[in-house]
Amino acid sequence: MTNQTYPKNAWYVAAMSEEIGLEKPLGRTICGERIAFYRPSENDIAAVLDFCPHRGAALSLGYVEDGLLVCGYHGLKIGEDGKTKEMPLQRVQGFPCMKSYAVEERYGFIWVWTGDQSKADEALIPHLEWAVSDDWAYGGGLYHIKCDYRLMIDNLMDLTHETYVHASSIGQKEIDESPVSTQVLGGEVITSRYMENIMAPPFWQAALKANGLADDVPVDRWQRCRFTPPSNVMIDVGVAHAGKGGFDAPKEFKASSIVVDFITPENDDTMWYFWGMARNFKPNDDALTDNIRDGQGGIFQEDLEVLECQQINLKSFPEYDLLKLNIDAGGVQSRRIIERIIQEEQKSSKQESTANNSATTSGKNEEIPLQTVSF
Amino acid sequence: MTNQTYPKNAWYVAAMSEEIGLEKPLGRTICGERIAFYRPSENDIAAVLDFCPHRGAALSLGYVEDGLLVCGYHGLKIGEDGKTKEMPLQRVQGFPCMKSYAVEERYGFIWVWTGDQSKADEALIPHLEWAVSDDWAYGGGLYHIKCDYRLMIDNLMDLTHETYVHASSIGQKEIDESPVSTQVLGGEVITSRYMENIMAPPFWQAALKANGLADDVPVDRWQRCRFTPPSNVMIDVGVAHAGKGGFDAPKEFKASSIVVDFITPENDDTMWYFWGMARNFKPNDDALTDNIRDGQGGIFQEDLEVLECQQINLKSFPEYDLLKLNIDAGGVQSRRIIERIIQEEQKSSKQESTANNSATTSGKNEEIPLQTVSF
Amino acid sequence: MTNQTYPKNAWYVAAMSEEIGLEKPLGRTICGERIAFYRPSENDIAAVLDFCPHRGAALSLGYVEDGLLVCGYHGLKIGEDGKTKEMPLQRVQGFPCMKSYAVEERYGFIWVWTGDQSKADEALIPHLEWAVSDDWAYGGGLYHIKCDYRLMIDNLMDLTHETYVHASSIGQKEIDESPVSTQVLGGEVITSRYMENIMAPPFWQAALKANGLADDVPVDRWQRCRFTPPSNVMIDVGVAHAGKGGFDAPKEFKASSIVVDFITPENDDTMWYFWGMARNFKPNDDALTDNIRDGQGGIFQEDLEVLECQQINLKSFPEYDLLKLNIDAGGVQSRRIIERIIQEEQKSSKQESTANNSATTSGKNEEIPLQTVSF
């Protein structure tokens, strides 16, 4: 408990919608929970512990039939509530109920609540305007990274690294020469950087051009990184022709978008990185969407080696106190919020530990009654 | 000792005969013992600890000369009794005697006794009629699987899984709709299932055809899984034209064979799986043998992912008590027999621990005298 | 401390000069120290802990600018003294000074001192005549091997193994039929073997031919293995026409060279093996150099599997006392010298432990002051 590195009572993005087909379940570990995701019907989604109550086979290797997940080993059929519904020649009423997870499909993603299921409230899934409005287009992808998910939060809450890691695309010298300011607003953290009267780097020149704007004139550039718990970072980025108001400039003078980052712990030292870009220009241009996704995918891949080596280094020097500079304020403040949420979660969990656990879930640390059959 | 997962005082299949050439020793770990197998002469087999008494090199990397295993590092020559016979310029009388293993070649397999060598009795190697009779043909192969060997016993003692894991070949719905019965006879376990008046699945249709029988008529099908210690499972399988007596039908109405499974622990969490099929029709048709082996190899490979994921799951949830249903009786009873053998082995080992160890073997936990040479 | 397997107060070969380009730092672990090597200028070399004081990124992933190593994550610039010199928008005076390492480039190699930096004295780097004289040519390479570096010392201080491991090139039966003699001279160990009136093996036949000498006449052959601490083995090898004086024969009757072996621990169980051959004939024949390097590279690769399997075996049988035969005297005596150096190092380290650590280095087990910035 004391070393918990992520909140569990939270909605995490677990998959992109297209990863889970009608007949193809997905096994994925989220926040240390081994979960089988499947579709009981075409537009429905369910999530249960990826562990067959019969012999422990991975349910995600099975298939879906009549809305039930069929174990691919001996044919046990489990429902989205974790209850065994059928098994050939067996009476299944006494079978233990397995842990199931609150899960929602929204905005093209599968969201899962990994902690106390009684607290899962789908109203807590963030509203993402860019995902529902016709004025926006979105493209993105997924990377598996062998590092603590908080290193990715640090990474994204301090875009100074663009100058170095992404020198050939979105990086430029003016980034690290411009001061950042960090604000904590309620449970959110915003780190902003404004660069005025500079030349746009290659990525933004292309965006201006795609937007029908001159790309060879000075621009004002902005980066507003917004952390929201548990671990999402949305970044307003863009350029406007210089002197037209920057971030607040009228649409006809700017190219802008939102860098979308859903950062999901797999275990303590590994993570799933759902990255993408939402743009509010040319939303119906699918070729442009593909183009941006390819470019962004390449750029974001440059972070992987840096983060994985950093993880190895930090494990090798556990006693080293990292510096906390002004540019690190975004990550530091985000981690404080995370730490506070974890502490509250643990306190509340202790208070409830005298109460009974929910009768409908059974998980790793709970007693599962033995089904005895006398031979 | 308390966590021992397999009997050691037993004959295990360690290799197929063709794996060990006249000049090519084989290094393989069986029941946690690192063993070098080699052929002192063409039809002979020997097994010694895969550890050169000189500097610890792997003897299996060496070669055979004059019936001795020559260490490929500095030329020490060891005999099948574990004694060093020669070494250039050295007097070897005082060299420690290394552990050697009782080993037999029989039925096309190499059998090794990994435990107390004084108890090794080749009469305990099971008689396999199909391996010595001209009426039978055999083909098989070897898989290395990252799971506790007992998961494979469970797998084979409950063929319900054929319906799911092997749906496209030998599986059929009628399997899991037919009850099984399990008997414990002395030290053996037999689980049987009979299906009457059904259509044969693809594999058996082909077998009927190969046997010159109609393959489009109803059949009676049987599966009789027989576990014998330490971990062999022989399965009588077949189909007969319906109403002709099933398992007991005359030869001209049926196609049948024995699924041969030698299940050998490598370590606690990994195993060697020697699989094959013996058939008593068209025994001289080598093309048919190859054909069946290829088909069976493909079918049995479908079990690997299931078993390896199950192993990971069970390691993740060590406290979970698996269900023990009627269909699991075969595996459960087999494990009870194994557990009893292990307990007897440990009890007998304790009683003997005051007596001296055999002077001709030296192993992992024994004192090996230091050969000191003054410099 | 008690299990230290290598001296740290010593010069080790860390790299070949050509591995470190002007803009391409090299990250490599030497004696358990993660080190970033880089060139502040064309003919200069520097070595610092491969850990950015800012956020722990691997400095070796960065680049060099104005003689400083620039972190590829957020642009911190570190000097060869381990002090941060610059960082965009930051005052860096208070940044902790990181560990830096004494490092020298000599003879085409990068030498690093991994222990107490106050004791580093470049006069202690061995003089290598073959590396500075125009009469000699050198060619070599690098292998990474998963074994304790001392197994390689054993290997090279007993060339009996040539008969077995390198049977097709430099091995011959006469090697293991000829006795060796081992002397300890001060801090060095020399193991010699002389073989008289034998036929040269393939490698030496080719060398005689390359030297313009008859290769089909009897020769006297010698091997003189010289260990010098911490872990270098130089081997005088050669053949002379029989009866001309052997090792001391005039130049026109012999072909000889020095097998060069720099053996550098990476961690306790892995090592870097810098191997090569220096010859004093046809020193300007680059094609011959390449030819010999290719041949030697192939021969030395034959040792890898033997050593890695030996390492696994010794880890599996930690209590086994290896034999110490006369042929092993070279390795045994070399290990005694190493052991004595380690003990002296630990004694001297304890005596100094009341004194302050050097203010200019900070490493794994030292307190690094936290740079606090108030947010």
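Each chain carries a letter (A, B and C) given by its place in the written order, and its residues are counted from 1.
Keep this in mind: contacts are C-beta pairs under 8 Å (C-beta built on N, C-alpha and C of every residue); 3 or more make two chains touch, one makes a residue touch a chain.
These numbers come from a predicted model, not from an experiment.
Leaving out chain B only, with every other chain where it is, the touch network remains one piece. Counting the residue numbers that touch the partner chain, chain A and chain C have less than half of them in common. Centre to centre, using the average C-alpha position, chain A and chain C are separated by 46 Å. Those residues of chain C in touch with two or more other chains do not exist in this structure.
Residues 34, 50-51, 53-58, 61-62, 70-75, 87-90, 95, 364-365, 368-373, 375 of chain C are the ones that touch chain A when the two sit in their complex.
The residues of chain B lying in touch with chain A in their complex are 154, 158, 160-161, 163-165, 176-177, 179, 182, 305-306, 309-310, 312-314, 316-317, 320-329, 332-333.
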